[in-house]
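Think of it as A, B, C and D in the order they're written, each chain with its own count starting at 1.
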Amino acid sequence: MAEPYTASEMMVVTAARALRNDDVCFVGIGAPSEACNLARLTHAPDITLIYESGTIGAKPEVLPLSIGDGDLCRTALTTVSVPETFQYWLQGGRISVGFLGAAQLDRFGNINTTVIGDYARPKVRLPGGGGAPEIATFCGEIYVIVPHDRRRMVDRVDFITSLGHGRDGQERHRLGLQTKGPTLVITDLCVMRPNPTTNELEVVSIHPGVTVDRVREATGWEVTFRPDLDTTPPPTTAELEVLRDLKARTEAAHRGGG
Amino acid sequence: MEFLSLKEAIAEYVEDGDVVAMEGFTHLIPFAAGHEVIRQGKRNLTLVRMTPDLIYDQLIGAGCARKLVFSWGGNPGVGSLHRFRDAVENGWPAPLEIEEHSHAAMAAAYAAGASGLPCAVFRGYAGTDLVDHNPNIRTVECPFTGETLSAVPALKPDVTVIHAQKADRRGNVLIEGIVGVQKEAVLAARKAVVTVEEVVDDLAPSSPNSVVLPAWTIDAVVEAPGGAWPSYAYGYYDRDNSFYLEWDEISRDRERFSAWMADHVFSHG
Amino acid sequence: MEFLSLKEAIAEYVEDGDVVAMEGFTHLIPFAAGHEVIRQGKRNLTLVRMTPDLIYDQLIGAGCARKLVFSWGGNPGVGSLHRFRDAVENGWPAPLEIEEHSHAAMAAAYAAGASGLPCAVFRGYAGTDLVDHNPNIRTVECPFTGETLSAVPALKPDVTVIHAQKADRRGNVLIEGIVGVQKEAVLAARKAVVTVEEVVDDLAPSSPNSVVLPAWTIDAVVEAPGGAWPSYAYGYYDRDNSFYLEWDEISRDRERFSAWMADHVFSHG
Amino acid sequence: MAEPYTASEMMVVTAARALRNDDVCFVGIGAPSEACNLARLTHAPDITLIYESGTIGAKPEVLPLSIGDGDLCRTALTTVSVPETFQYWLQGGRISVGFLGAAQLDRFGNINTTVIGDYARPKVRLPGGGGAPEIATFCGEIYVIVPHDRRRMVDRVDFITSLGHGRDGQERHRLGLQTKGPTLVITDLCVMRPNPTTNELEVVSIHPGVTVDRVREATGWEVTFRPDLDTTPPPTTAELEVLRDLKARTEAAHRGGG
């Protein structure tokens, strides 16, 4: 009998499992950072985590709140300047996996973190691209973690902050990009991968207890389910324990700061 | 290089209408200097910073900025910068012109500025919509392969303000830990002001390759212990993550923001 | 990354016809590795190095090189590289094609290679005659100011060989002191071999910003104490300036050079 | 009564005197390095010496044989990478004085260190440009130190490795360069400066005991002497003492190495 767990834990554990021990990851804050550190503390102890603040090989004790907390530097193999991070390490093609979040994600894996509505007169002004536009094109492949609802999982993003497969799914090819772009999307309901031909995101597995209808309702396009649709394996007790320990340590550290 | 008080340094080196870069990538953000800029009521500044962070949220909310050049405008790990959003979405307290880039572009643009180049050439922005909204994103063709590369103008601030761990008595400055784009931002600027945690007899860099800015690249050094709070100074104090969380509440509301600024910025210094 | 003997590493990673960069700017020149390349009789190499120094004088004199890409071909502080000159002036032991640059160009070209760019854009070569003799010096126009800038192709060696102070048991490498272009040369290359003074349990970099190359950027690490002699390893031994002076005599004469190589290179390893 | 001194000492001392305490110098090996360090050990204790190996603010105990001796790093304020040296420090316009030597120097201050004869079939293959081509255009001004003879002081260099004032003396202006180029040439016979209009090098002072005829004979063009031609002040006892100490320490250190 598996332990009870939250949808967010399911999402983070599933994302962590996708990482390999020899991956070099460019890590975003939030769920991506949780997943990467969970992987490091479980099956991928040698994984290299790079934060855009220039910390290479960070092994933080607690999850950083920002991309540049002191713990990242203290535990890193080395810390380089931000220009070097983007030029030699990201643009230089040294990163195997980029982990991104999204305010909006569309059927072709394009990411919007810039504006809801019109750019010049936005309904909501979001933080913007940061490192993501180039992470999206220079990492070997991209994993996206995003909570699954109709506000986020849209047919067409209002603004392409970071390229997925483009407006018609074929843009990377046209641009001559050698990297794969989004190969994996992990939500709190399911796991999606692009169709090998059209690059439209399709559901490859559903998390335990989630129905096909619920995924359909939460998705802003007429979503396809793979014929061999699977159930995502639930988190193990060991995974949950490590994740909860990590989050408890983190909570204590950040609330205690001052 | 001269040693000045914070008040003197900002009065002398930051002028209304200047292009000002206050850098520090999460680490070593020059908050004390930012507060002094607010207290002195500087106006019409073009604020340049990769991550505006709370420091520019405060400057924008206080009405110092005319324009913002940036690449990621959030409260790191928390959410929105509400004063920044209020300025962009509602023009409060004044409309804010924005020039938006990616981190890769801004980092390269500072490096180009430090290198005396008119522009930075890199690979960026592929397939993004930002290229349609920022006329400062252009292209050049590689004269060997014919590939199309991206170009953005070099960043050349009128004045760069940074915070660092230490200066020695000659004004040489040591930066350690997450070094961000501070060296580039200082070397790209016409004038540079550095606040430091302490002034010491011997800089004692831990490595021959430690990041040191020679005194002759700096105009003013100011001793300002704690000057990076609520960001942090590696080796001195940690990031006050709880304040970053609190700021979300403080900054949501115009009145609460103004009250906080009155109590914590205007009444000091 | 694998730990190998010097013989294994050169046999596995340096192939006839490769573009090979052995870098180290005066400091940490990988002489032991260079000697192994000579002993293994590698041929038709395109040798890339800002300052060919004695290491390439020896490789050229031993007949390993087809082409040299360089920016300053002297014996530092002493005078000529006689084997290099004999190859260029008299085609001995074989004609040597040269591609000549300035230091600024080569440094930028390595950085461009490390950055995944096809070319480096900089300001260089103004008013010089080299532009008429090297078709790899071209120009681009700044899309903002219209200024003409210089461009050279990125350096992307098949293999880069460097010497460093230390590796840890995972193969992470520390370089300290005059760090030259080694990081760039390694990151620009398809394969990288690093010889080190010693392999240690803990790399213990002296600063968070020390120059460290992660193991996953390197193919082979070789323990080769003294491997930089007659250049030096900061913190281990000094430059043997007297040998650099002696080399002037040894290398002037083809026979004396060949005898020295027989005694000091071919009879070892 | 001044102490006896060599022509080379005269040259180095004269060069050292041209440096100011607040100069930031890009230093070449040999006579330039002697002059810069003599200045530092006499009237310009705060001068900043940068060697192209990336050592910023070096204060070597002995003269380095190479541009990257360990003593330079050990005594420097900081040591940066070579790409950074050329990009941020030289090209960035941070250097006030560049000190260069020359195999050939012509009447317009152009420097050849590349080839004697034809580039493709050289009579003598010299080391090449190294840092000099960009030092010549990015330092605020250039001082050249060169022994004075007809082989070196030529009407027209075989090859412009590093731009002085160009083939006709006006090239810097045409190229839009903001820097001054060679403003001072110090030889073992005299001191020269460019004519304010034509930029042709003219003799402004002659070292003690040197005749106008001797300078004329040693110069490969019909050299002009300024109307207010001066005699270069001889080295002082103090200058000679410091220089000889420095050279003695250096000699001992380099011959003793091994």
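The definition used in the following text is that a residue touches a chain if its C-beta (ideal position, glycine included) is under 8 Å from a C-beta of that chain, and two chains touch if they have at least 3 such contacts.
In this text the structure is predicted, and so the values were computed from the model without any measurement.
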Number of steps on the shortest touching-chain route linking subunit A and subunit D: 2
B-D compared against C-D, more contacting pairs: C-D
Euclidean distance of C-alpha centroids - subunit B vs subunit C, Å: 38
Averaged-CA centre spacing for the pair subunit B and subunit A, given as whole angstrom: 28
Residues of subunit B whose C-beta touches two or more other chains: 111, 115-117, 122-123, 177, 179, 183-184, 205, 208-211, 234
Subunit D: positions in contact with at least two other chains: 73-74, 79-80, 87, 91, 138
Contact set on subunit D toward subunit B in their complex: 22, 24, 48, 56-57, 73-74, 76-80, 87-88, 91-94, 138
Subunit D to subunit C touching residues, read off their complex: 29-30, 52-55, 64-70, 72-74, 79-83, 85-87, 90-91, 114, 119-120, 122, 124-134, 137-138, 159-163, 166, 171-172, 175, 177, 253-258
Residue numbers on subunit B that touch subunit C, as the complex places them: 115-119, 121-123, 136, 138-145, 147, 149, 151, 153, 176-177, 179, 205-211, 234
Complex interface listing, subunit B residues touching subunit D: 111, 114-117, 172, 183-184, 187, 203, 205, 208-212, 214, 216-217
Interfacial residue positions of subunit B with respect to subunit A in the complex: 25-27, 50-51, 70-74, 76-78, 80-81, 84-85, 88-89, 100-104, 107-108, 110-111, 122-130, 133, 177-181, 183-184, 211, 232, 234, 238-245
